[in-house]
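If you scroll down you'll find the structure; I have some questions about it.
All chains are identified by letter, namely A, B, C and D, in their written order; residue positions are counted from 1 within each chain.
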Amino acid sequence: MNSLDALLKGIPLDYLAACDYAKTGQTWQAFLPAGSLVKAAERLLAADWHLEDIAALDCFEGYVVTYHFAHFDQPGRATLRVVAPHDAPHVPSISAVFDGALWHERETRDFHGVIFDGHPNLIPLLLDPDMAECFPLRKDPKSRVKMREFLEAGEVLYQNPSFTFMTPDAPAVSQESGGTAATA
Amino acid sequence: MTRYADMGQVAGDFYTENFAQTAQEGSLILNLGPQHPSTHGVLRVIVELDGEYVLRADPVLGYLHRMHEKMAEVKTAAQFIPNMGRVDYGHALAWNWAFVGAVEKLAGIEVPERAEYVRTITCELNRIASHLLWWGAYLLDLGAFTPIMYAFDDREKILDILQVPTGSRLTYSYFRIGGVAQDLNEDCFSRIKAFIPWMRSRLPMYKDLVSDNIILRKRIEGVGPIEPELCRRYGATGPVARGSGINFDVRRAEPYSVYPKLDFEIPTSPLMDARGRYDVRMIEIEQSLRIIEQCVEMMPEGDTLVKGAPKPSWKVPKGEAYFAVEGGRGKIGVHVVSDGGKNLYRTKLRAPGFSNLSLFAEVSRGTILADAVAILGSLDLIIPEIDR
Amino acid sequence: MNAIKEAFKTVSDLWSLMVGLKVTGKYFLEPQRTVRYPWKAVSNLDTYKGHLELVGGMKDPFKPRCISCGMCALACPSHCLTVVKKKAPKPTPEEEKALAEAKASGEKTKDKTPKDPEQFLYDYTLCSLCGTCMENCPAGALRFSKNVYMAGYSRNDFQFDLVLKLRESDARATKAEPAAPAAETSEA
Amino acid sequence: MPAELIRILIGLVAVALSVGLIGLVMVWVERKVAGHVQRRPGPYEVGPYGLLQPLADALKLVGKQLFMPDNADPILFWLAPVLSFLPVLLLFLPLPLGDGLYTMDINLGLLLILAFSGLAVLSLLLGGWASNNKYGLLGAARAVAQSVAYEIPLLLSVLAVAFVSGSLDLATVVKEQGTWPWNWNIMTQPLAFLIYIVSALGETNRAPFDLPEAESELTAGFHTEYSGMGFGLFFLAEYANMVVVCSVATVLFLGGWHGPVLPGPVWFVLKVSLLMLLLVFFRWTYPRVRFDQLLNINWKWLMPLAVANLMLTAFFVKLAQYAVVK
């Protein structure tokens, strides 16, 4: 089984964790800096992974663009995440690597307004071109929740010291929240 | 008189203009759809034609877009189930299952064993209905009018069976978080038991009428080759991937429910063309019958809804979960994220048809228009599912 | 040699056309599947799930069992239900007096408000027939009707008061007319 | 000469009426057969067994507004349906329904039919071109390629029969054949009959060769923009063409009015009806072929076979003549 940490060796990462498949349906999760996304996608394609979907998640820290990858021959699901800030949501496009991303990225642009740099044809896919500037799934700033509240922390394999989004808050708060972050 | 050379006259809307920018000199740009007999609803495909040859094709989606993902954010989890019946009218119960399963996984709810069997039986019946619908509609695409009537004759029997527990015939909202809404009654079981041999007796007729027909064979053999590599790049799953020889089925790859206990085969075809996808679906009907037969035999007694099943006002605990099931068209994935509030924070629906259709642009390049239609049909499109 | 084989294969392929004709010819002579609707009805109407209706009480079958708790309206995913509670009847002077006395002595007064709803407004155009309301009704006062033949001329025909509907069925029952034409069921 | 003229006039009127009637009956038969094949009753509400349904449909079509798309060529657009229907009337003139029962006695009847049936393609081309519709244009292009291609094997297979009978006069061809099936030309020319039927399907744009109007690809092909009687005429012409094609097949291969016991015209109508039924069954059984396959069938199979058949026939006919002369 080619585990994700071996696969992504040498690519600058922010966060990499092994997750409990039975609990959340994913085996690995990784936060990547925007710069290393395309490289990671290339490695995944070379290792015969396929792209399941791309979705953005509007969190307090920014838009978490989530890439789910799965494998035809072996179980497991790898979740790659890239955080795009609210004021300038730019993420590199992986459509040159995974052609399936072409539509998923257009859909994500429709729903959240995340711009995928390098996408050849980033026009509205599901929404009307006339409402290109309306992003239905963006949340209003008050109801945004910090991502550590609900994203599975998993068993941390690597963490960039500067990446603090997934580190629990001060202990008191963390116990109170009692989420998955505390149990991991 | 030469009106067609004048592109100004046929300028079209945003998408046509966008598409026409890179058109070749002297080619014909044709909008197949959104109202067109072979686009199964309201899909629109802009094609650039050189005579009968498709130079380029670009599907335009969104004509049936209902923003289910937003609706999931304004309803509680239990209230969202009716929506799932309407995402894919072909295989509604698989979508029911995908969403319910994701929430159950997130909340750690154990489903009673009988409910799992009931789910499997109804879901597989629904899969047969979905394949029959595809079969009829596909042959209609290829110009044969009669098969869809025979397919609907058989499909009607399935709908009659499913109507007993669910009360609906198309847009089921039958699964509940922690089980199913209603147990299968004796009437239902007797109908299912009668249906299995009857459906088996119909399959040879399908073969005689259509599958072996030389015209059909010539129409679909070698048409629309999809290499496994292409499937991987586009994330195509289901019969499209299996028709390309990829032995991938969520029921085996990520086993859920009672499928590990059941004995069935995953049909694959090395042909990689429309014929391969056709064969795979026809064999899947047989395999689904096998699954149902085993489930009816193994059916345990017990509840069909977990004790203390969530009420509509129930708040999903914090966390995230991804749950995938095998639908009639491929891997249906639902990713739910909850912040512990009243409604789910984010629900992502992964529609298999979405990924399957995205490879159409590449596969249809350079084919004849009739082949492009044959390829489009062989992908088994349900537009509401693609547009969500 | 190869050419002969090819030609032979072609002939056998052409035979498949005859097989197809045999199938359609067979079905041409077989009985039809269609149920000729206005004169015959399909056999599965008893499992049909129509619009919602209120269940009558044990004593009075035309008085709804509903206790106006509003759980159904709360649970409904499409907000198609509105329960209008009955107001408490104006207390008679004696009752008022008793009430005041009870209040003075600190006793718990018995609520005289009738429990059944004044109106139970239902919008069938919005309903997705999911059954969530029924499952969440503590009194078991809701069910799906088997009214297959419901039709209307405008959208408003599908927005109705279920309490009124229940009462109307009373009126119809007392008239002692058959509620619906006895549908002849056919096979298939 | 006036007698001949009156005969033609009466014949024309009779043909025009009967073509309309045949069209209506054929619509009914087609729908009824389709229904029963698909296990439905077909039309059954209007009149006994739905017999009046086509009449109701025809009335509806007549009553509909004649609609022409923007920028269409008004003259050509309305000329096309008329042009598709008129030549079909002429095709009925030389057909012998019974011994001496025909409108026009010309010794080149076969030639007349072949010549005028070639006109049909012109109407399809005009209709598709003039309606200023891309589907129409594609349909028209297909129609031309198909009709032109399929005319050749049709002609060659018919010629083979003409060689055997030694005449292009339809009545003579029938008279050469006998009462019983083994006296018919189909026994001596089975291959020509097969080629004829297949090319006839292609020539009349019937399924599985209905490519000019392939609705899953071209919505309705050349008649996409036609409504009301414009569409009605195309429709009528299609069925009338079918009748002609089947009648010619009956005359050439199935012994025309010959048959035991029953009078000639009855036999003729019976044979034509059976052939029509066969064509209807084809339509409701088979998928549509692809366009390149359609042309492949023609150029790679039908053409060589038809030529070979013609050569063989010529050889045997000469041989027979030689033997007789000896």
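Basically, a contact is a pair of C-beta atoms (placed from the backbone, for glycine too) under 8 Å apart; a residue touches a chain by one contact, two chains touch by 3 or more.
Fair warning: this is a prediction, and the values are worked out from it, not measured in the lab.
Q: Computing the C-alpha centre of each chain, which chain sits at the greatest distance from chain D?
A: A
Q: Based only on mean CA positions, could you tell me how far chain B sits from chain C in angstrom?
A: So the centre of chain B lies 29 Å away from the centre of chain C.
Q: For chain A versus chain C, what separation do you get between their C-alpha means, in angstrom?
A: A distance of 44 Å separates the two centres.
Q: Taking each chain's centre as its mean C-alpha position, how far apart are chain A and chain D in Å?
A: 65
Q: What positions in chain D touch 2 or more of the other chains?
A: In chain D, 37-40, 284-286 touch at least two other chains.
Q: Specify, in ascending order, the residues of chain C that touch 2 or more different other chains.
A: Residues 17, 20, 23-24, 27, 33 of chain C each touch two or more of the other chains.
Q: Multi-chain contacts only, two chains or more: what residues does chain A have there?
A: There are none in chain A.
Q: Let me make sure I understand the interfaces: which chain pairs count as touching?
A: Contact pairs between chains: A-B, B-C, B-D, C-D.
Q: In the complex, go through chain D and note every residue touching chain C.
A: Counting only chain D, the residues touching chain C are 33, 35-41, 44, 281-282, 284-286.
Q: Which residues, counting only chain D, touch chain B once they are in their complex?
A: 34, 37-40, 71, 73, 132, 134-135, 137-138, 141-142, 207-208, 210, 214-217, 219, 283-293
Q: Looking at the complex, which residues from chain B come into contact with chain A?
A: Checking each residue of chain B against chain A gives 13-15, 18, 61-62, 65, 67, 69-70, 73, 102, 105-106, 108, 231-236, 241, 246-248, 253-254, 318-324, 331, 333, 335, 337-340, 345-346, 348, 350, 354-355, 358-359, 362, 387-388.
Q: Please output the residues of chain C touching chain B within their complex, sorted ascending.
A: Of all residues in chain C, those touching chain B are 13-14, 16-17, 19-20, 22-24, 27, 33, 44, 47-49, 74-78, 128-132, 135-136, 144.
Q: State the interface residues of chain A toward chain B in the complex, per the touch definition above.
A: 23-26, 45, 48-53, 55, 57-58, 66, 68, 70, 72-73, 75, 77, 79, 98-100, 102-104, 111, 121, 123-129, 136-137, 145, 149-152, 177-180
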